[in-house]
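Structure first, then comments.
Note that the chains take the letters A, B, C, D and E in the order they are written out, and that residue 1 is the start of every chain.
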């Protein structure tokens, strides 16, 4: 029984982490119909930043995520300005491939600058801390990340649904030219959206180094899972992404424990396919 | 009359380096309805898009209220008082009629004023009121067209530009819509419209221009144009 | 005259194994420096003289496999054909070494392999292939023997074993050998956990282990996965009595440092550590200084084997006094070589090119030090078995 | 299409001349690294052209083709390594299997649009990769290694010369390009593009889009399988990360798009630029171990997408080589 | 037996009933006009006939065969071609290639298909645009392309959904000529149109829909005088003008 609860807990917590990582991707995809292939590498960059801040300045990730978020906002905005805006709408897959190129550049730039070494922050505030409920273990770093995930997703959701900005974002997403005619500066909206997308993944990357080693390849699988989350949740839907991420997290941990760990990602990708077959536009997609 | 409200001079436009407008000049005075007529592909929409700021000219100028606006982006034009209802409706497909209309007044932050304007357009187009909760893309072509016009009015423009608004409307609606345009005009909005229904358009317009393969070939009062032999032959099938 | 001989190095310089690959190259470079220049202060063969065969210098031509077998294969061809290298040292990943050395064999060129650990490599009976490190098979046997030993001497009580390994050519191979050895020795295998390298978490893996609760765990995890494994066990508040690793993550000095006290009391097989070196391989320290200048870390048991590979090859050429491949290969096969950089000091190749003298010792981490615990002749202390549980650690 | 012969005369004659010259190449370059690069160019051109049938002409951008490539590779690999037989039969069976698998997995995927389809194909690659990693019959994570075989066409293995491989690759190239040329000029070609441009519209014109897409998929996967078989014969080894990875799939997509997606010569042009670039930067910069080669490679992709996402064919069109039709996106250019 | 028989057709979108119990026939060789206010369900009816939607109730028979449940490509193969109200050019293909797609339906051989396509180009006045990309054209030309492409499939029944909307009156005249030519070639036509100048003079019969319900089915002359139709659809001004025109025409 305790195993079952642990499996559920682990699954939910990794699910929330995936949701946090995917939120930014979802936003960008939903508004611009662009897949940022370098999303996983954005995460890696954020992790490096948080690692170095922690390593050199001894600032705990619990604080330094702010810096990562800010930096990634910039990185996102710059990526939009220099790359995405220039190939948007030119050919269907152009932004995807351009950001694929960017992912290569980022990954190998970090390899070049920081060497391929694995880096892990030790002695962080939350490291190794846990709450014990009988046999059930709730690791604090993961718990805190999960709470952050919920917070960020809620904020994003409210922003999109309730604010004027959110409205403008939605209109831009549907018909850019028409939005422009309504007086919405769509260029600015896109820039902002890419920045916000970056900031979200920046938060995730900022928190992660307290329990996950940083290295140039760390973003790969996260990026891939984020794609699944976003597509499974449905075009740009924040609640969709949340539910999809939780499903993926749970499927992962259930398969990992009750079937075999080697099959856990098979199951993750499999559940995505199953869902998408039943609902071709994702859980909440239109 | 002093300076015209809108003054387009020797406008030249190109898509991707391929020129399609080779020097179009026109003027719209405050309070007028001006119609641009011409065959398919003559460049009517291109001219309109350029005025609205969706694209920028390669040569010539667009002046609005005494200022050169040929490089002003579209999102600013609406704040300056130009509202453009594009060819092909361009509604926000997934939003309701009401939300579409509210977005038409995006530049206006005062909610009360937006509500007031809503009532105003609903009075012009009662169908929309009944359908205000329907998602735009599920409406019929004609319903969508009305919604688009209404949306264009929501910003309370000084100059309303309408591109092919009769396209796909049933006859009684064309009549109604054009009446509505005349009514809008009476309420003080200047109107620039592009129409294929040349006769109907010229009947409500004060003045008109004829555009042919990217060039202005004729202009004059609506009545003159209606009587002009060439126009009747080329565009009215007589 | 300034005669040179080109030797190719072929390692993963980018991609997931880049850390290890780059260190391997640095090790070979170090060896080449020692061979090419007069280093009378170093007590290793060829150090005192300049070059080999009376002044022929070694020039290294480096290439990147990216960790991909197809790239390894084509780069091997390029090195032999275009760059005209005499021999290649490589490729770290067994999966790359296989096709690359097949190229060498077909071309009748020498291929020196330092640390690829798949036993299959030397089962092929190639004529021009030589491998220095012990295989996973040897290590597995040693691990198992060790557990039997401490069951007797320390009443360790190890009856059940579990495996956690990355599901790659390396991990799978190591685990297969480990399972065979454990089974033969009568241990009960209660957990067999393969995972995808680069995993986002190892929760289910560790939980599976925890649920099966084996007495000892055999591990084959690289870098980041290794730290994640250890940290996850800490999070889950579980440890086996003993955890033993096939080189890799465990013996990377940086990883050990980052894990700090959490990494303590884990064990692993290793052919080298500074501590062992200080005691049994006195000549290494001075060479290591040259190496550390490049890498900031000391040798580990993978990289040092690559240095040995170049030394042995150079010694063979020097001895054969010719570049004739047949003769050099013959010399390699038939001679027992002095190798101060190898534990035990000797290298001799047997069937299929396996170094028969390859030894590894089992060490346990104590405060960032790799303390040898087995076999007897190298043991400095008794291992702490069972490991101190997490909540009893400081 | 009929039109194409008229428009791109210059390019087409160039292509024919190239075809005529290609058989002479081995005599000129011998057994060098250059020969290797030539072989890879031909291989990737063929592979990308196979991808192009579905991804370019039919507009279903698939990142899953490494699966079919891989199945073909395993066909030959299993035949040689596990059964000690001839790779020829293995390659054929592998390609057929690839074709069958492609139809099975893509049938449900075809109702997905745009990015949903692309991401589903990501998932398929990852699933196949991981399943092959644990499937013992195909060697699992250990992979399959070729024994040393005698040189020659029988086993399709050469050790010290590249000529055989070269002509093999050339044969593959002629086959794939021939098939696509045929498709392009016949009904299927028009239907493929019609489905790409508008599925409902195509259906209203009597096109059974499901059948068309499946035909594209099956032929594309079959040819991809043959390419995979060649790849494994060339490398003497197969394991899942080598052949069934997103990286591999990505390469097919990149080559085609860099050359010009949905065009006949695009895959060749793309391969002719990208593959030498990849091989030479790795050979000469990769040894620095700094990832410099990959940084340059990535930057180039970005540059290409930003400057001319229609690829080399787009550039040629801009230069007027293709005559007539200009590239015509970038409406917002002046903005 | 009529070529097309629509019986009790009902089409619902959720709670919205777009077509309700509509029945009518289209006889071989005639032109039938379908008119009605915006949103009356004309396009929906076309979509049902063409197999794009599966009706919620009722049957559609073409040439004696029940096509109610056939997918659109099968309907097309039987000989029903349609144009789209919201034009759908195959954007990245040239005008000729667009038409070829249609032509291949009856002529698998490229040469034959090309011949057919060429003829359709001419009929719809598109020769000069033959090598233009379809996506780059103006709406008017796209409309013509819709017709040409549908024509190329060699249909027995042609469904034209506002094929002349967006054309100037002169162009409308030309298009009307085209439609008459098609009729002369034996093609049966069912057309939706809001431009009365186009539809009234050439239709043999007019069917009027309102809110999904058929409110009239009669000759054009009768329909334009039907008070209900005038009220629901034409408006006073237009019906007056139509009447004037007819008179003028009659005097000629």
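Criterion: contacts are C-beta pairs under 8 Å (C-beta built on N, C-alpha and C of every residue); 3 or more make two chains touch, one makes a residue touch a chain.
Here the structure is a predicted model, which means the values were calculated and not measured.
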Legend entry - Chain labels contacting subunit C and also subunit E: D
Legend entry - Most heavily contacting chain pair (counted by C-beta pairs in contact): A-D
Inset, instruction - Could you find the chain whose CA centre sits the greatest distance from that of subunit A? - result: E
Inset, instruction - Could you put a whole-Å number on the gap between the CA centroids of subunit D and subunit E? - result: 44
Inset, instruction - Starting from the mean Cα coordinates of subunit A and subunit C, work out the distance between those two points in Å. - result: 37
Legend entry - Whole-Å gap separating subunit B and subunit C, where each centre is the average of the chain's CA atoms: 76
Legend entry - subunit A: positions in contact with at least two other chains: 108, 111, 216, 262, 265
Legend entry - Residues within subunit B bordering two or more other chains: 15, 73
Inset, instruction - For subunit E, write out the residues touching at least two other chains, lowest number first. - result: 136
Legend entry - subunit B-facing residues of subunit A, complex: 164, 167-168, 170-171, 174-175, 177-187, 286
Inset, instruction - Spell out the part of subunit D that touches subunit C in their complex, as residue ranges. - result: 31-33, 36, 40, 130, 133-134, 140-143, 145-146, 148, 159-160, 231, 234-237, 239, 241-242, 279, 282-283, 286-291, 293-294
Inset, instruction - Over in the complex, which subunit B residues touch subunit E? Could you list them? - result: 15, 37-41, 45, 87-88, 138-143, 145-146, 164, 167-176, 196-199, 233-238
Inset, instruction - In the complex, go through subunit D and note every residue touching subunit A. - result: 59, 61, 108, 111-116, 118-120, 122-124, 126-127, 130-131, 133-134, 246, 250, 253-254, 257, 261, 290-292, 294-295, 297-303, 305-306, 309-310, 329-332
Inset, instruction - Would you pull the subunit A residues touching subunit C in the complex into a rising list? - result: 3, 6-7, 10, 14, 17-18, 108, 111, 115-120, 122-123, 128, 130, 132, 137, 139, 142, 211-213, 215-218, 220-222, 225, 252-253, 255-257, 260-262, 264-265
